[in-house]
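Next up: some structures, all given as structure tokens.
In what comes next, chain A is part of two complexes: it sits with chain B in the first one and with chain C in the second one.
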Partner chain A sequence: MANQQPTSGNPRVDIEYRRKKSAEEMRYQVITFALMIFLTLVSFVAVGYGEFSGWFIVPFILLLAVVQVIFQLYYFMHMSHKGHEAPQIFLYSGAFIGAATVLAFMTVIWW
Partner chain B sequence: MSTYAQKKGFGATIWDYMTTVDHKKIAILYLIAGGIFFILGGLEAMFIRIQLAVPDNNFVSAGLYNEILTMHGTTMIFLAAMPLLFAFMNAIMPLQIGARDVAFPFLNSLGFWLFFFGGLFLNLSWFLGGAPDAGWTSYASLSLDSAGHGIDFYALGLQISGAGTLIGGINFLVTIINMRAPGMTYMRMPLFTWSTFVASALILFAFPPLTIGLFFMIFDRMFGSNFFDPAMGGNTVLWEHLFWIFGHPEVYILILPAFGIFSEIFATFSRKRLFGYSSMVFATVLIGFLGFMVWAHHMFTTGMGPIANAIFAVATMAIAVPTGIKIFNWLFTMWGGSIKFTTPMLWAVAFIPSFVAGGVTGVMLATAAADYQYHDSYFVVAHFHYVIVGGVVFALLAGTHFYWPKMFGTMLNEFLGKITFWLFLIGFHLTFFIQHFLGLMGMPRRIFTFLPDQGLETGNLISTVGAVLMAVAVIVLLINIVITSVKNERVGNDPWEDGRTLEWSIPSPPPFYNFKQLPLVRGLDAYWLEKVEGKKGMTPAEPLGDIHMPNNSILPVVMSLGLFIAAFGAMYRTEHAWGLPVLIGGMLITLLAMFARSVKDDHGFHIHKEDLENDDDKGGKA
Partner chain C sequence: MQAEEKFTYETWPASPEKATLEAKNKFLGFWLFLGGETVLFASLFATYLALKDKVPNAEQALAKDLFELPLVFVMTMLLLTSSLTSVYAMYHMKNYDFKKMQLWLGITVLLGLSFLGFEIYEFNHYVHEFHHTFSSSAFGSAFYTLVGFHGAHVALGLLWITTLMVRNAKRGLSLYNAPKFYLASLYWHFIDVVWVFIFTVVYLMGMVG
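The block that comes next holds the complex of A and B.
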């Protein structure tokens, strides 16, 4: 970003605050990492259990996948931090346009 | 290291341009290459109109006519209109946001050379067994059956030049997001920069579908796959969808920068702030967004069913709303302004009624039921020429006159400019207005001749006469350019005297580092603000210091050349034994060049403070 202040060399940096912030960040990462492993297990179980029909399993796994992508973007790639507005806009519009296209293809070409 | 004005030999100049990474020089390359392709496409247009001037004509044969028609459309869209817009984006946008160059100067050069070699490849088809002949849309059912290598040239050539366009678009996006001068917030960006931004975003999203479609086409024709062959389980309509998912945003990639150029011209020569700036920005973004939701209006007659047709019809008509907002804002900008009718302003004023006419026929075409009647007739031809010529080409000609002094440091002759304008305006309406009625009378598009006594003679003759006028207008422009360059009367920073944005606050042409000190931007129309307060130039936002500049490189040419060679290999692979080695060899050249670029650290160089101090506003060389 054009107008960002450089963070290094600033005499008034609050080291204590920084340390607390990163500890908190670390905790979130561990939690989401555990959650992601759990979700992966769930999807394996959903397939392995054998009682559910494909009509349930496929959308269910897709849903879990979407959740994982969101975890990945927000907790591991720091999209929740400030200064990521532009990537967010582009990600969401890209996803939206892609989804609209797939929807149209499913309904118009291959109904 | 200082590279200031010394006279260079011809060879050295060529080498300089082949290796340059300076956005201003790349802009000139785009302008020259795009201009040459524009003249080529114009010649093809003249052949089309000569053939259709009288009934039962045999100036060209049916097959050759198809090739000329296809190459006219393809050349004009991909190799003329887009590169010419890229020329202005490259030349002006970094100056407007107060940047020293684009974000990735090396990629900028790579983008140009990919476009250039792709275009060259496409046009070599004329000498190597015949040009593509399935229309610029190259529908799969036609193009898979086309004999010879024409369609291969189309698919491979557009693939290469498309990669260049995508690179260029991403580069502009990053530049605008990251390299704005201090104080240049998003809502202070000039509208040309805004429209460059949105058009680049459209490129980012629209070109991948084309790339996929072209790859499918390449595989189907050259490597034995069957994506589009229904007999083998493929789907021929799939190409149409992929093409138009790209194709409709593409027309907005063309028109949005045109809107941007006109917005600058209206504000400058009405000597008034652009009316409704924020609604203009909003409308630009909205048009870009909606542009992705409407592609199937090109396919109403393919049997998508009434529901899909209705949805796409309504979505299409919705675009007329933000477009209308823009039209009214331009009118209100002129309202009460003290208008100066310079050549660029004439183009801008003439653009409004011409483009509105095209928009109105657009809404007519968007009425799905009615489109069954209009589709594939000359009515559609009239529609898209009204928007593309009346919008995009007008903007390119206006921009040429408006930005010429900033790019080259000389002023095009206003008298000759106005002659060009009037000839072109009259020729344009003569050529295309009558085509609405030819279409309504039942003349199909893409036919190589028509019969006498069906009421089509007069209309077609008028149309041809108009085309001749447009050709003369372009010749006058070329003469104007030659005269101006020979006279070489240098101009100052702000030759139109009413410049509002940052580019007019620095010398024409700007020195190669653009801004000695980055300017402080205090509002919309930054330079105008300073002028109103009686200041001579911008307030600097930083102390004078060393400037870091990138080094020149020949690698972009090598990379593009590799793909160019590989394309020949891919095409002749099944017929000649040398095909496969050439394909692999070409790819190797590209990969090696990429490897060289990755392992060799290139830190660029610094212009030292002392050199900058000595270089007091003499202006740089072009």
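The block that comes next holds the complex of A and C.
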């Protein structure tokens, strides 16, 4: 179980275990950060290069943004840990309503 | 566990942000708030997308005339890095290291402040160089509402984190304030989540046309 206090009955062992766990988690977060920087660079370079057509580049950079946000939510905001069922419901409901709003505004407003 | 109890590294719980009933409630309530914030920002994005480049005459600047990639890139790096530094702060919070947590939160605040400085420069530049204002066009209103709302969130986040740091400077970590620090850092990450969509949808897609 990620990030929960283990109960070996020996406090010394538990501390060691926790220290190792959180060092490991920190390493994942640094890797996540490197990946997010990389995705950002790819988006900026793809647009700055200026040779790709809009039909390709817009879905491409939107996809990179979604991937980056998933990293942020699941690693930086710890949504990958147990006990985040309610946050997932709240966030995904919000994202669903949000997507419907964007779709509606973009199709209904025409001037 | 008592909220005001004094802890040591050995007795500090593994999930201090959810160790008391009050903390559990705060955690749940804050995520509900973030779900609501998602809807709020989505409606501002929807408005922006519908009104992008809708200007009354040909003299008004469009998105591709206004935006400059280097400035947006620097702002993005500042905010992304500040997200990592607040992760470091929470790492030290979980290890019951109050001083290091304060240090990393301080670095987060400095990065956030410089982001805000660049944003103020940017808005000032658009207003004076391009006469792109809040009331010059539908595009202007939608742009400043969306990006300005995000900027206001950054300012509020800075105020929140700074207040927590000052208020608890002499208290050290307890189960009373650990959840507060944790939620402030969640809020800070959420601000970065919104910025990822802003730099993609507003700036990069604006440059594409």
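Here, the second predicted complex is superposed on the first by the 94 of 111 C-alpha atoms of A that agree within 3 Å, B and C clash if a C-alpha of one lies under 4 Å from a C-alpha of the other, contacts with A are read in each partner's own complex, and residues count from 1 in each chain.
Definition applied: a residue touches a chain if its C-beta (ideal position, glycine included) is under 8 Å from a C-beta of that chain, and two chains touch if they have at least 3 such contacts.
Quick caveat: nothing in here was measured; it's all calculated off a predicted structure.
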item	value
Touching partner for A:26 - first (chain B), second (chain C), both, neither	second
More chain A residues in contact - chain B or chain C	C
Contacts of A:109 with chain B and chain C, given as first, second, both or neither	both
Touching partner for A:72 - first (chain B), second (chain C), both, neither	second
Chain B versus chain C as contact partner of A:43, first or second or both or neither	second
Touching partner for A:91 - first (chain B), second (chain C), both, neither	second
Contacts on chain A seen with chain B and repeated with chain C across the two complexes	3, 86, 90, 93-94, 97, 101, 104-105, 108-109
Residues of chain C defined as touching chain A within the complex	9-10, 13-15, 18, 28, 31-32, 34-39, 41-43, 45-47, 49-51, 54, 69, 73, 76-77, 80, 83-84, 87-88, 91, 94-95, 186, 189-190, 192-193, 196-197, 199-201, 204-205, 207-209
Contacting residues of chain A [partner chain B, same complex]	1-3, 86, 90, 93-94, 97, 100-101, 104-105, 107-110
Footprint of chain A on chain B - complex, ascending	177-184, 201, 204-205, 209, 235, 237-238, 241, 245, 289, 292-293, 296, 304-305, 308
Residues of chain A touching chain C in the complex	3-5, 11, 15, 18-19, 22, 25-26, 29-30, 33, 36-37, 40, 43-44, 47-48, 54, 57-58, 61-62, 64-65, 68-69, 72-73, 76-77, 83, 86-87, 90-91, 93-95, 97-99, 101-102, 104-106, 108-109, 111
